[in-house]
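Right, I'll just put the structure down here and ask away after.
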Amino acid sequence: MSDASELRREVCALHAYLPAHRLVAWTSGNLSGRAPGAKTMLIKPSGVMFEDLTPESLCEVDIETLEARGPYKVSSDTATHAYIYRHMPEVGGVVHTHSPYATAFAAVGREIPCFLTAMADEFGGPIPCGGFALIGGEEIGREVVRVLRGHRSPAVVMQNHGVFALGPTPRAALKAAVMCEDVARTSFLALQLGTPVPLAQEAIDKLHERYTTVYGQ
Amino acid sequence: MSDASELRREVCALHAYLPAHRLVAWTSGNLSGRAPGAKTMLIKPSGVMFEDLTPESLCEVDIETLEARGPYKVSSDTATHAYIYRHMPEVGGVVHTHSPYATAFAAVGREIPCFLTAMADEFGGPIPCGGFALIGGEEIGREVVRVLRGHRSPAVVMQNHGVFALGPTPRAALKAAVMCEDVARTSFLALQLGTPVPLAQEAIDKLHERYTTVYGQ
Amino acid sequence: MSDASELRREVCALHAYLPAHRLVAWTSGNLSGRAPGAKTMLIKPSGVMFEDLTPESLCEVDIETLEARGPYKVSSDTATHAYIYRHMPEVGGVVHTHSPYATAFAAVGREIPCFLTAMADEFGGPIPCGGFALIGGEEIGREVVRVLRGHRSPAVVMQNHGVFALGPTPRAALKAAVMCEDVARTSFLALQLGTPVPLAQEAIDKLHERYTTVYGQ
Amino acid sequence: MSDASELRREVCALHAYLPAHRLVAWTSGNLSGRAPGAKTMLIKPSGVMFEDLTPESLCEVDIETLEARGPYKVSSDTATHAYIYRHMPEVGGVVHTHSPYATAFAAVGREIPCFLTAMADEFGGPIPCGGFALIGGEEIGREVVRVLRGHRSPAVVMQNHGVFALGPTPRAALKAAVMCEDVARTSFLALQLGTPVPLAQEAIDKLHERYTTVYGQ
């Protein structure tokens, strides 16, 4: 089995986590993957139900020319994903959702502040809020890259829009999207309850350092 | 297999999404379908559990006379659905729910404001709030048609009551009902967090135009 | 198959809806049934996981003497259920939950106000709040009966405690418990959003009259 | 079948309740068990998906030396679990989560106040809030033990972090974690609605006494 078909199976399988974790509604949201150094990415087709996705239904898209192969029309977020892959060679997976708690922060144009150890772990500080950009061309991708390049956080909430999460692999990007919604929800609840206790920058730094070097297998 | 029995299977199958997407509680909520130009619609019987619905259990109802055929008594919202089909020939599907976040807006008599790109996409602006109307006769249908005819939004929240969502097909109407609850929830959360950033009318127009002409297969 | 074993199977099967509708956590919450005119009720055993219930595991309890038969110790709410059956001969089913939104109203000692048509339908007005009573003896049952006898509402929220819902059958009581949480949640959300529009008493009366005479099969 | 392999199967099986009850996101959260008097505990490996856990994948860890056996690296909360077992010999199970409602209380550094009978039952009063402590060494375990030793509550919310719940068995600890989130959610909702009615200390005492001596099989 070639690496390409393994990535295809993985990108298809990971899509199932989006509705299972309630990050998406109906056909909104998508996930893509790019093998290290590859010139193409695999991405969800537009407007297809998550339950109907198969490895074969995914679109293979040239990240430079946006030329696409596959039985379906490409996701309407294709230009954004391709822009990110072109400008961040270390990225191997991108996830886009309108997950409700994170998108609520996006709607009020606020970063998600960092007062949870789980957030220091995964994001190394606040999850930043990117500016408003219209879909269709390179505007969204440009803003995502501007905000996240060199940033500790693998996720950004885009004003009035939703979440983009990145990672070295599609699975890592999915994890960032899942954790983004999880910490956004707890942060929302804490802000309703009262004034969250600040986390010292030194504690955030130590947690993030430990998580990125010690956690996992 | 005739078109009629295919619509029957589709209307039955789509009902399963209502509890799966947590838009309904117990037996509340219903969905109907009408083939293009047909004089009858297929609709859920009254007070039947969603898990017990079969294609054969659906009621076939004349949209002019409300005469019904089928093993069960018709949904108590039958007059509303029929009124909509009579006065909006382009409509092929109607969904009614009391989904909680959208109905909360209905309870305070407020439209759902548009500050999310996903809302601009599907609804082209705010989701309007219709006036209060009692069930039983044509009052609800009349108000739904008054509000939605010529409106960009395929959904309306009816004061003190719940959601009616329309579409050219039952599936399209269901999608509008699902997206209505999704954007209502995110809007609710954003309003609790602070003041949502307005979306410029020009951006809303462009997003809606693109979504209705480019999105999907 | 005797009526008794059918009631046993029904009481067992209906318990599965409690976790499925997220009305209960772990082993809290219970449901009982009494055949019309019968001197015994069937009720959940104490502290048994919902997934482990079988028809045979249910306790059969004399509603006068509280003498119990069955392989397990009876629910700690047994005295309350029995008191209700003794004093309300028309009741054939009782459900008790700590469902979160309804119990939040109980915690602040407030009735759930009626500004939703779905609430007028099922409850005919507000869901009343009963006074605080300690578990163990007849205090809770006495308060439930004091509040609900002659009341339109089949459910009461008990201060600092949770929900008791009644019906002519266990299924009807379960429906009332499900709808109680559903309208409590929408009411909670509406109260967070702003000031709900009042429903006129005349509208509430008409909706309740129609629902109790026309709705269902 | 030895006791050791039974505990292994139980610790593995109980982990499945964490995502099922929505107490955890992705791979966060963990559960451990220690047989009465044993010198080792069984605990989740680090960063493994809950769906991939098998009894064989669990780590066996010496609670004094932290020496570990098993195919995977140990949970990053291992030192905390071991510290608790060393200093509280009556504890046979520990659960750690970032469950959202309880963690929201932790984020604002507040105990969860006791105004629900279900909370008096299981926790015998408020769920205390422990101070902030960094992961990695003995700091978290020391703070958990300092707060919970001799306390009625089997659970603590740790500031800016999450929940630790203890019990004589892994199942009892899991129950405490589930109930902690359940009462935290209802408490949160009640605090949004208004001012909860206080529960008299005498009532709390009676409820807790009854629950710990009469409830269950």
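Per-chain numbering from 1; labels A, B, C and D assigned in written order.
Keep this in mind: a contact is a pair of C-beta atoms (placed from the backbone, for glycine too) under 8 Å apart; a residue touches a chain by one contact, two chains touch by 3 or more.
Since the model is a prediction, treat every value here as computed from it, not as a measurement.
Asker: For the two copies chain C and chain B, is the contact made of the same residues on each side, with over half of the numbers shared, or of different residues?
Answerer: Different, since under half the interface numbering is common to both chains.
Asker: Where centres are the averaged C-alpha coordinates, which chain has the largest centre distance to chain B?
Answerer: Most remote chain from chain B, centroid-wise, comes out as D.
Asker: Give me the rotation angle that lays the C-alpha atoms of chain C onto its copy chain D, rounded to the nearest 5 degrees.
Answerer: Superposing chain C on chain D takes a rotation of 90 degrees, nearest 5.
Asker: Hey, how far is the Cα centre of chain B from the one of chain C, in Å?
Answerer: Spacing between the chain centres: roughly 31 Å.
Asker: Can you compute the centre-to-centre distance for chain B and chain D, using the mean CA position of each chain? Integer Å is fine.
Answerer: Spacing between the chain centres: roughly 44 Å.
Asker: Using the touch definition from the top, which residues of chain D touch two or more other chains?
Answerer: In chain D, 192 touch at least two other chains.
Asker: Give the pairs of chains that touch; include all such pairs.
Answerer: A-B, A-D, B-C, C-D
Asker: Can you list the residues on chain C that touch chain B in the complex?
Answerer: 21, 115-118, 175, 178-179, 181-182, 185-187, 189-190, 192-197, 199, 203, 206-207, 210-211, 214-217
Asker: Using the touch definition from the top, list the residues of chain A that touch chain B in their complex.
Answerer: Residues in contact with chain B: 25-28, 45-48, 72-73, 76, 98, 100-101, 103-105, 107-110, 132, 134-136, 159-162, 188, 191-192.
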